[in-house]
Amino acid sequence: MITSGEIRRLFSKYDKSRLTISTICSHSALQIFHGAKWLKFKTLGVTTPDRRFVYEAFPLAKPDIFIEVREFKDILSKDVQERLVEENCVIIPHGSFVEYIGAANILNRLFVPMFGNRMVLLWESDRSKQREWFREAGLKTPREFKNPSEVDCKVFVKYPGAKGGTGYFIADSAEELEEKIKRAMEKRLIKSVEEASIQEFVPGVRYYFHFFYSLMLDVGFRVTKGRLELLGMDKRIEPIDEAYRGLPNVPEEFFDYTVTGNQPLILRESFLKDCLDMGARVVLASQRLFPPGIVGPFCLETIYHPSRGFTVFEVSARIVAGTNLYPQGSPYTAYLFNEPMSTGKRIALELKKALESNRLEEILY
Amino acid sequence: MITSGEIRRLFSKYDKSRLTISTICSHSALQIFHGAKWLKFKTLGVTTPDRRFVYEAFPLAKPDIFIEVREFKDILSKDVQERLVEENCVIIPHGSFVEYIGAANILNRLFVPMFGNRMVLLWESDRSKQREWFREAGLKTPREFKNPSEVDCKVFVKYPGAKGGTGYFIADSAEELEEKIKRAMEKRLIKSVEEASIQEFVPGVRYYFHFFYSLMLDVGFRVTKGRLELLGMDKRIEPIDEAYRGLPNVPEEFFDYTVTGNQPLILRESFLKDCLDMGARVVLASQRLFPPGIVGPFCLETIYHPSRGFTVFEVSARIVAGTNLYPQGSPYTAYLFNEPMSTGKRIALELKKALESNRLEEILY
Amino acid sequence: MITSGEIRRLFSKYDKSRLTISTICSHSALQIFHGAKWLKFKTLGVTTPDRRFVYEAFPLAKPDIFIEVREFKDILSKDVQERLVEENCVIIPHGSFVEYIGAANILNRLFVPMFGNRMVLLWESDRSKQREWFREAGLKTPREFKNPSEVDCKVFVKYPGAKGGTGYFIADSAEELEEKIKRAMEKRLIKSVEEASIQEFVPGVRYYFHFFYSLMLDVGFRVTKGRLELLGMDKRIEPIDEAYRGLPNVPEEFFDYTVTGNQPLILRESFLKDCLDMGARVVLASQRLFPPGIVGPFCLETIYHPSRGFTVFEVSARIVAGTNLYPQGSPYTAYLFNEPMSTGKRIALELKKALESNRLEEILY
């Protein structure tokens, strides 16, 4: 594993006056570049040839430099990494970045400085470690079942290979579940029952909270040495979200959970207490489990029901795509900042403040 | 009942140069404080200890002064009220304010000046008086049934004790309704059939319109001596709104109507005619029923269907939580004001204009 | 048909320094006037008497001049048209404009200059020509069935007279379809099977993309001599979108597809590639089919499904009502312009740039 010491040594040779904000051209890169350019950072996008035109089509979000690669994974090549270092790049990881490059590759092979604490990848990409993190944080999570025969409620099932939501399914009973798993094994979607993640189906309203844990600004909810800011929230839109349009005989294709986009929403104000409390608990637990813990943006994926409160089903320890709703700020940043503030711009602002106070090492790894 | 004369007498002793905008820390208080601070008013929040941190977490919406109370109802205590008067406070009522303090308590025991006309509480908190108001305004409302046996359509039923939407239910026939009411009586949820409100279930799209009736600004739709502004609209999000995700066997818990948050939307432009017309009718009727009628923000809760037009099912005669979507203004305020305008800021602006023209007495009680 | 030569001849007599932006008071007129006023154009609204108050209720979107007509079609009268010419008016067509006036009337009788290329009306208002356009563009469209007996999937059926979505329906099989068509013929909703449009029901998430094809600004995705800008997107709200609230026995009235309003949303960033590509193809095909092709705003109405990609089911070659969500700009205009930019303002900006460079003839007809 590449240590934080190695990153710091390399970073010490950077020309900080030419710091360049960089990411791969996908997911939330428009927002990241837009925020960085707003704060006068140089920007560099690593792109596949077919996507480049998208980033050229939005001039205020177009990176100053493009590096073209055949596939995103090629960012790991010595050539590309050395070029990134030469350009004094800090990489901003996002959801697709981790998905395309792979957590292990980032930990073991990416020697370019990244914004945030890359140790989080160990805790987030492994389902059982993520559950340990939630337990440490004292959060309510859905019940999990090892054995289909134990199932005594409606369940939501994910296969490990199920890309982006296709292949997830619901079962209403142990019998239905066993039948569906049997069929999946016949179709070789899974090899054994153990591979399937079987969770209690939690009814309620989905809220995806966009947090930012800052060590540089004095805004938001004090949590140990930093501040927790609630930058926004969203609801994801999946084919299942249009299922009612197929009533009464809903076509099977609607039962698909691929995220296709996002919608804005706000939370009942009296629930903000729980929302901020959950965010703070996740930060505190992260500081105990993998110091210095979370740095920068993260997202809690929750479902709210009046009789259950919030159930947390996932954490994303980086900028999430739902923040793309708010390139000019959200209903919550209005109460935090006197200027438009996206999560992309917030990242750039954190880097700028750290740069000005010579504390960049605290927020890179 | 505390008369408007008493309020005016007390208010005449206020130091108007130190007027302070105050409310209890819940519902839309962030927006109210944010708007007030924007216009340079002093702000004061009455909070329970456990909520205070939320209002400290958003610096631009943090009140200048906190008063901590054990429970919100303690705002009625002589101590707290005298402190509010001492600080030259005007209270901005919101949905939770009325719910926590109680309409009767506000009318009989709250001697601090409130923004708006508190007489509206008599007409809004009593279901039959609210219907009288709608009749006077000539608005279409859902059919109501006294006796379950009269029911000849799908109905929506509310129990009086049903807090925030839990306990509301649908019945498809007189038989189903009678069965459900029988069960509710056995469970002692209600004592008699009379307690249940039985309304025709109205199919269509929900629109919650945010109006502001102003006596101070010359913007919006002229209605008698004032102007009616459409500041925005929203759709509420309740667990029922995710029910389709449980298809085909929807878990019972989804049939819950607790408001958990809000989503933005806009109305087909040709329907604005009806929307403004309904708002104007509600204002005009209020002026006849309880002069001077509605002052400031109110919300009409409607359902639109092409073959029925708009059905109105409730009025909230104060700022509603859906306005929290728009701390920087809505798609409709863009056509009204040359600056970002939330309902919270709009309230502060009305107070400021009244202060400048020495007409505060007209909009307080 | 009124030729572009005739329009140009008439336009050559205009006093360009007094150019007036004009439309009928419906659909997106508030946005159009608001954008025009922002850029200091004079504005003129043609209105029926009952709607005028709506446009007076929003001062920043109120046209400088009103012309009252008994019904919108009266805009075709010699009197009104001559008055529009006298006032140096350019008409901005919108959805209701075409619906109320009629495509043939616009082509044959409207001699006032219109923004855009009115030839598009020939290709858009005729279902089979629109399909030819999509074929030319290489877009995926839903399968169509001539004969109900050929139907082998869930289908979506529209009657030609079905106004605004009422009367559209779903059928799950050839048998159900034949039964429903038989009933429609008995009720004289249609005369023959041929009148019904029978399309494959496409499951997935609806995205309505708001494009602008510009000849004047150097922003966006280069397509031949112009640039394609993605200004935003929306989802329409129809009674069917609340159908789940009637579960389990959904009342028939929910199966109505009248557009009542719109909700904002964003698209997964990696899908922008396909989105821009589709927009470019539609522009390129339009340039081949009816030169100079599309000019200004247009909308592609799509459904996305992971296993099908985007299916396009309609093009609107003008400003669509969903743009009313963004009078201050959308999450996408944030990456294009350093100022708030609605589609209405974008139209005015295109006219302003053309005026300044003396190229108005290129974008009028």
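Things to note:
Letters are used for the chains, namely A, B and C, taken in the order the chains are written, and counting of residues starts over at 1 for each.
Following the convention adopted for this analysis, contacts are C-beta pairs under 8 Å (C-beta built on N, C-alpha and C of every residue); 3 or more make two chains touch, one makes a residue touch a chain.
Computed from a predicted model, the values in this text were never measured in an experiment.
Superposition of chain A on chain B using C-alpha atoms only gives a rotation of 120 degrees, nearest 5.
The pairing of chain A with chain C is characterised as different-residue: of all residue numbers used at this interface, under half are used by both copies. The geometric centre of chain A is 36 Å away from that of chain C, both derived from CA atoms.
In chain B, the residues touching two or more other chains are 241, 244, 263-264. Within the complex formed with chain C, the residues of chain B that make contact are 154, 170, 172, 201, 203-207, 219-221, 228-230, 235, 240-241, 243-244, 250, 263-273, 276, 304-307, 329, 331-332, 334-338.
Chain B meets chain A in the complex at residues 26-30, 34, 50-51, 53-54, 56-61, 96, 164-166, 237-239, 241-242, 244-249, 251, 253-254, 256, 258-264, 321, 324-328.
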